[in-house]
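You will see two complexes here that share subunit A, one where it goes with subunit B and one where it goes with subunit C.
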Partner chain A sequence: MANPATFDIAVVGGGLVGAAIGYGLARGGVQVALLDEGDIAYRASRGNFGLVWVQGKGLGLAPYSNWTQLSARRWPELAALLRADADTDVALEQPGGFHLCLSERELEVRVQTLTRLFAQPGLEAYPFEVLDHAALADRIPGIGSAVVGGTYTRLDGHVNALKLLRALHAGFGKHGGTYLPNTRTERLQSSGGRFVLEAHGTTLRASKIVLAAGLGNLHLAPQVGLAAPVRPQRGQILVLERVRRFLHHPLATLRQTDEGTVLIGDSQEEAGYDDTVGLAVLATLADRALRTFPALRDVRINRTWAALRVMSPDGFPVYEQSRAQPGAFLATCHSGVTLAAAHALELAPLIAAGDLGPRLQPFSAERLHVQKAT
Partner chain B sequence: MFKRLPDLAAFHPDARALAVTIDGKPFAARAGDTVAATLFAAGLADCRTTPVLGSARGPFCMMGVCFDCLVVIDGQPNQQGCMIPVGEGMRIQRQQGARAVAAAAGPADGMTPEAQP
Partner chain C sequence: MTLASRYDILVIGAGPAGLAAAAESVAMGLRVALVDEQGAPGGQIYRAITTTPVQQRDVLGADYWYGEKLVAAFERSGAGYSPRTTVWAVTREADEFQIGLSCDGGAQLIRARQVILATGAQERPFPIPGWTLPGVMTAGAAQILLKSAGLVPGGTTVLAGSGPLLYLIAAQFTAAGARVECLLDTTPAGRWRDVLRHAPDFVASPYAAKGWSMLRAAQRMMRIVKGVEQISAIGAGKLDGVRFTTGGHTQDIPADLLLLHQGVVPGINLSNAIGCAHHWDAAQACFTPTVDDWGATSIPGITIAGDAAGIAGARSAEARGTLAALHAASALGHLRTAQRDAQAVAPRRELERWNRGRKFVDALYLPAPEFRIPTGDTIVCRCEEVTARQVTETVALGCTGPNQMKSFLRCGMGPCQGRLCGLTITELIAKERGVSPAETGYYRLRFPVKPITLGELAALPQTDSSVDAVVRIKR
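Then we have the complex of A and B:
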């Protein structure tokens, strides 16, 4: 390389969103740099729950459901590519998932939510089932009597999210991508049709940039004429010891990983940048899990953790190219696992081509600029 | 294989024999030993197989930090053998793979784990 500090595209952010886009770009033969902040970053990618989840998403923005469905459909392809490129089995399973309800009221709200979701124009409807306790007990052995019912779609699945992050990075490297760890991007500007990134004492140039820095996008986006009004939303997770496989479907808030670990999630808390765990929330998670599977009572909790989701004001992703500074792209969402296939296989080629196209138009941040009523 | 240093017997002059079972077979353990030491004394270097790959593991650190000495004691899985003194009548089982979750389940809420591979 004549000038190691010049790239076709610089991706800012080495989490699941940035790594998936970077992997997709590198596979396409683009010279990519992936700038990663380092272990002091908030790292939603290392705290997530690992679902590849479709069910219930998109109420308020039908294209988000369609985009999520597209990603779920392309996930087997991503998993196969990562197996070849990174020699890693990311343990993708898509057996369909259940959302369980612990009261009649919860079930009623759940069914109403799905009914409203599917009534939206433009939404590609998918089959779902509403099941009572007896029907659920047949399909999920061991559920407690507190589970009054639930919903099922066959599109849902899960994956080993830590292996996914590692595999995306390995695949990125395999295809010639340049990974720059401990390189926090501080300033962005465009100069002579190129973007100049000042990051941790070094300067890089790139024809295009992709902002995939999670909560860091809040301050980076305005420097290139974009808006990323994201906020942290805390989620806490309980991690139980490994047990023999007893659960063959992911549930919305409880799943058993490929290696036997049981994960119990996942709270949604407005706690600012506080990413510490708290007993009140953990106790609630544990209580619901025990009512769901009473036999987990004597299984030990090995650890707990909290992480910060990257939430937009309406909860949907933002994908946008800067009008003021074309070539600068923004990508942010709170479902970096589910959307990894869409990011690597759909979004990356659009970014490489320089036009996000009609499918992603609904995800522009313009939707967030509605004037407040006075 | 490990063997007991003969002169250490002087530190435990009142050590008595405890009747325990290891994988169902009777064994005379020595009071004052841990469960992990008991397994060594019985000539067993491995006490479990790992949950994912099924590799054999045995007590390593003998001080409670490595968690490689996990065994089933009196039906309780994932017990740290090196931190628990052996006791009269103890049923010690080497642990094969991951534990099951059915142990505490009542018949109403029981679940049947898969057979081990």
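Then we have the complex of A and C:
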């Protein structure tokens, strides 16, 4: 019998990124350990907005748009697998999504952004529409007069992000994965072609390791010859009580979940590791949501949430295999829900095969060093 | 009243601790406001004391009417007072606090240099099979209806649980003319023997004589079943009866109303959301804010008085309110340390007097694990209808704490924000994992600690940076 503390692959991080990769690896028959922290940690996965979102992403790195589109296309397959493996409906809907603008200036900037996005070489273009208030009002009943216009693509969708995290964990377990909670990884080293992980008093060995520890990668990556120059970026969310279904498309900043609650986002603040909520930002979020849907005025806010996004310097994911210590992989991004399908169904097999291949070449951290030098 | 935009001290809660803290602070010449959710001062213990229709004084008893003196002193003090006001957020802004309030459907932000939380206790969750049926409520909620509206139950009432408050309520209801069929006492049989070492202190305390007379009165007035080991509320769609087991023997009794109560625990939602340190109190089986002997928390400027800082009753709360005010005044530089200590002598003496016997009461009435940690299909989280079995299955999946549990099952995400399930979830996870509740931890709570409407929040002031954080367009 194999030593129970020896695995083919150890994935460090039990959030959406680590759990999706771990699930994909376990499905492929690999012996995987998924190492996670305890109940209180900087968990971006708990603050996720739940969008499976394509439109507007990739300005500055066209392959990111393509990777995102690929994930959105493979999402129905992931949802079906999770239904079978975890007996969970993660409530995937991909009816197309709207980005609404509350001023002419916002709309102008939005259209410019999409125009610049599609002008990039190598980007797989997708259709989008620019809509004025009247056209929007036909398709989204109840929008307020403050909404001057917006953009739409049919690729966008959303899921229940909490059900997703649970389903990935359950599916991982179903395929024989070993989940190790309260096991914060402290030290990594390689010895005799194997990686040795020291985590919370225990030692594990694995032929390969995947660093999917979010902000924790900052300190772990250099131990195996990788760089993960990530920083926290605070995002805040309002959660309203359940109301009758009134919204049949996700908006970039507001969506109604399958359970009827309404989520309102999204804010971006450079606040270091402070993951507490700030009242002024909440007021701005509430004000814009109210101008978008005036009928929400008397709906109660049950909760607010602040979480720390895991941001790279240019905002794009980093996927990389260590040159100095082959077999050590890094995966970091701030779109763990959108990219869950790509992580489980595309990235995991590449990691298992030991080569990330040409598609993920553009996501190497080398691009960040180049930027720094110029 | 209209609140000013700034105070030296904001006191939250108009029970004995808050009333004493506000009156003491004003007496020292500080600018003070007291905000409270109710329409009149008194808190839960002296609820509606200035407005109650129950004027026959022996119904609610001398301990209730004692509150008149306290309320009168507060009213004479001239402290600012805003009733029907809910505090939903307290955040630090530079060297003061920003407090988010909601009053009559309108939200506003005010500032204070010191905040005294006197938010009191809440009833401990009592998760038995059928506890969500219409016709089942907490005894404390029924007592509020009696105090504030003179309402007593009409049909056949059964009381169940343990603790002194249960017997007090039984006596008050009977005196007010309600028909209490039966009191099912869940205090574990033989608990007396375990707690005898604390008995001498109790016997010497002011509670002893009251306790005995209350018990004897209840015994005269209703059937009391001791050593009850299991209880279920039964009925289809509404309560029809109560099933209980004692000495291995199970029986059903018909009932129109089942009132449950197994003691109170500190209400920690606000202190938790503010970020104050808390610890597991094994003697009272609950989480309690960690405070020093003035009530000062781990966050400078936030002081907690009364049962919100640990259950010790109304008279202790009053003394702790005074001490909290002295501490806050001293922190503001308004009172020298020597003055503070001199003025603290009298309230500390009171505190010592009213804390006597507490260990005995805590130990005697600590609810048995069977009534704190449910099994099977019993609902744990009422808001999201999460059962005990779902929680134990999710622990088996590798979920180790209440915050991950919240992500996985939505427990604690409803409008009560964990008040009715938090302790149960912690103890259930701890039991399944074979670790302590202290290690398991509690929900990390966020604002608003009481729901407010989107319209209220949208009307609050925004800043350039808050707009930039959301709109993200270069100006």
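FYI, the second predicted complex is superposed on the first by the 369 of 374 C-alpha atoms of A that agree within 3 Å, B and C clash if a C-alpha of one lies under 4 Å from a C-alpha of the other, contacts with A are read in each partner's own complex, and residues count from 1 in each chain.
Criterion: a contact is a pair of C-beta atoms (placed from the backbone, for glycine too) under 8 Å apart; a residue touches a chain by one contact, two chains touch by 3 or more.
Keep in mind it's a predicted model, so treat the numbers as computed, not measured.
Engineer: Once chain A of both complexes is superposed, is A:Glu106 in touch with subunit B (first), subunit C (second), both, or neither?
Structural biologist: In the superposition, A:Glu106 touches subunit C alone.
Engineer: In the superposed model, does subunit B or subunit C contact more residues of subunit A?
Structural biologist: It is C that touches the greater number of subunit A residues.
Engineer: Name the contact category of A:Ile209: first (subunit B only), second (subunit C only), both, or neither.
Structural biologist: neither
Engineer: Given the touch rule stated above, what does A:Tyr179 touch, subunit B (first), subunit C (second), both, or neither?
Structural biologist: Touch status of A:Tyr179: second partner only.
Engineer: Just subunit B (first), just subunit C (second), both, or neither: which does A:Asp287 touch?
Structural biologist: So A:Asp287 only meets subunit C here.
Engineer: Quick check for you: in the superposed arrangement, does A:Val277 touch first (subunit B), second (subunit C), both or neither?
Structural biologist: The second partner, subunit C, only.
Engineer: Looking at the overlay, what does A:Glu269 touch: subunit B (first), subunit C (second), both, or neither?
Structural biologist: A:Glu269 sits against subunit C, while subunit B stays out of touch.
Engineer: Looking at A:Leu81, would you say it contacts subunit B, subunit C, both, or neither? Reply first, second, both or neither.
Structural biologist: In the superposition, A:Leu81 contacts neither subunit B nor subunit C.
Engineer: Is A:Gly38 touching the first partner subunit B, the second partner subunit C, both, or neither of them?
Structural biologist: second
Engineer: When the two structures are overlaid on chain A, which partner does A:Leu308 contact: first (subunit B), second (subunit C), both, or neither?
Structural biologist: neither
Engineer: Can you give me the overlap between the subunit B contact set and the subunit C contact set on subunit A?
Structural biologist: 241, 259, 296-300
Engineer: Give every residue of subunit A touching subunit C within the complex, in rising order.
Structural biologist: 36, 38-40, 45-46, 105-106, 109, 162, 165-166, 169-170, 173, 179-182, 238-241, 259, 266-269, 276-290, 296-306
Engineer: Under the stated contact criterion, what part of subunit C meets subunit A in this complex?
Structural biologist: Per the stated touch rule, the residues are 89, 91, 98, 100, 109, 275, 394, 397-404, 407-408, 410, 413-415, 417, 440-441, 444, 446-448, 451-455, 457-463, 465-467, 469-473.
Engineer: Under the touch definition given earlier, write down the residues of subunit B that touch subunit A in their complex.
Structural biologist: 51-52, 78, 97-106, 108-114, 116
Engineer: Applying the document's contact rule, which stretches of subunit A touch subunit B when the two form their complex?
Structural biologist: 141-142, 144-145, 241-246, 259-260, 293-300
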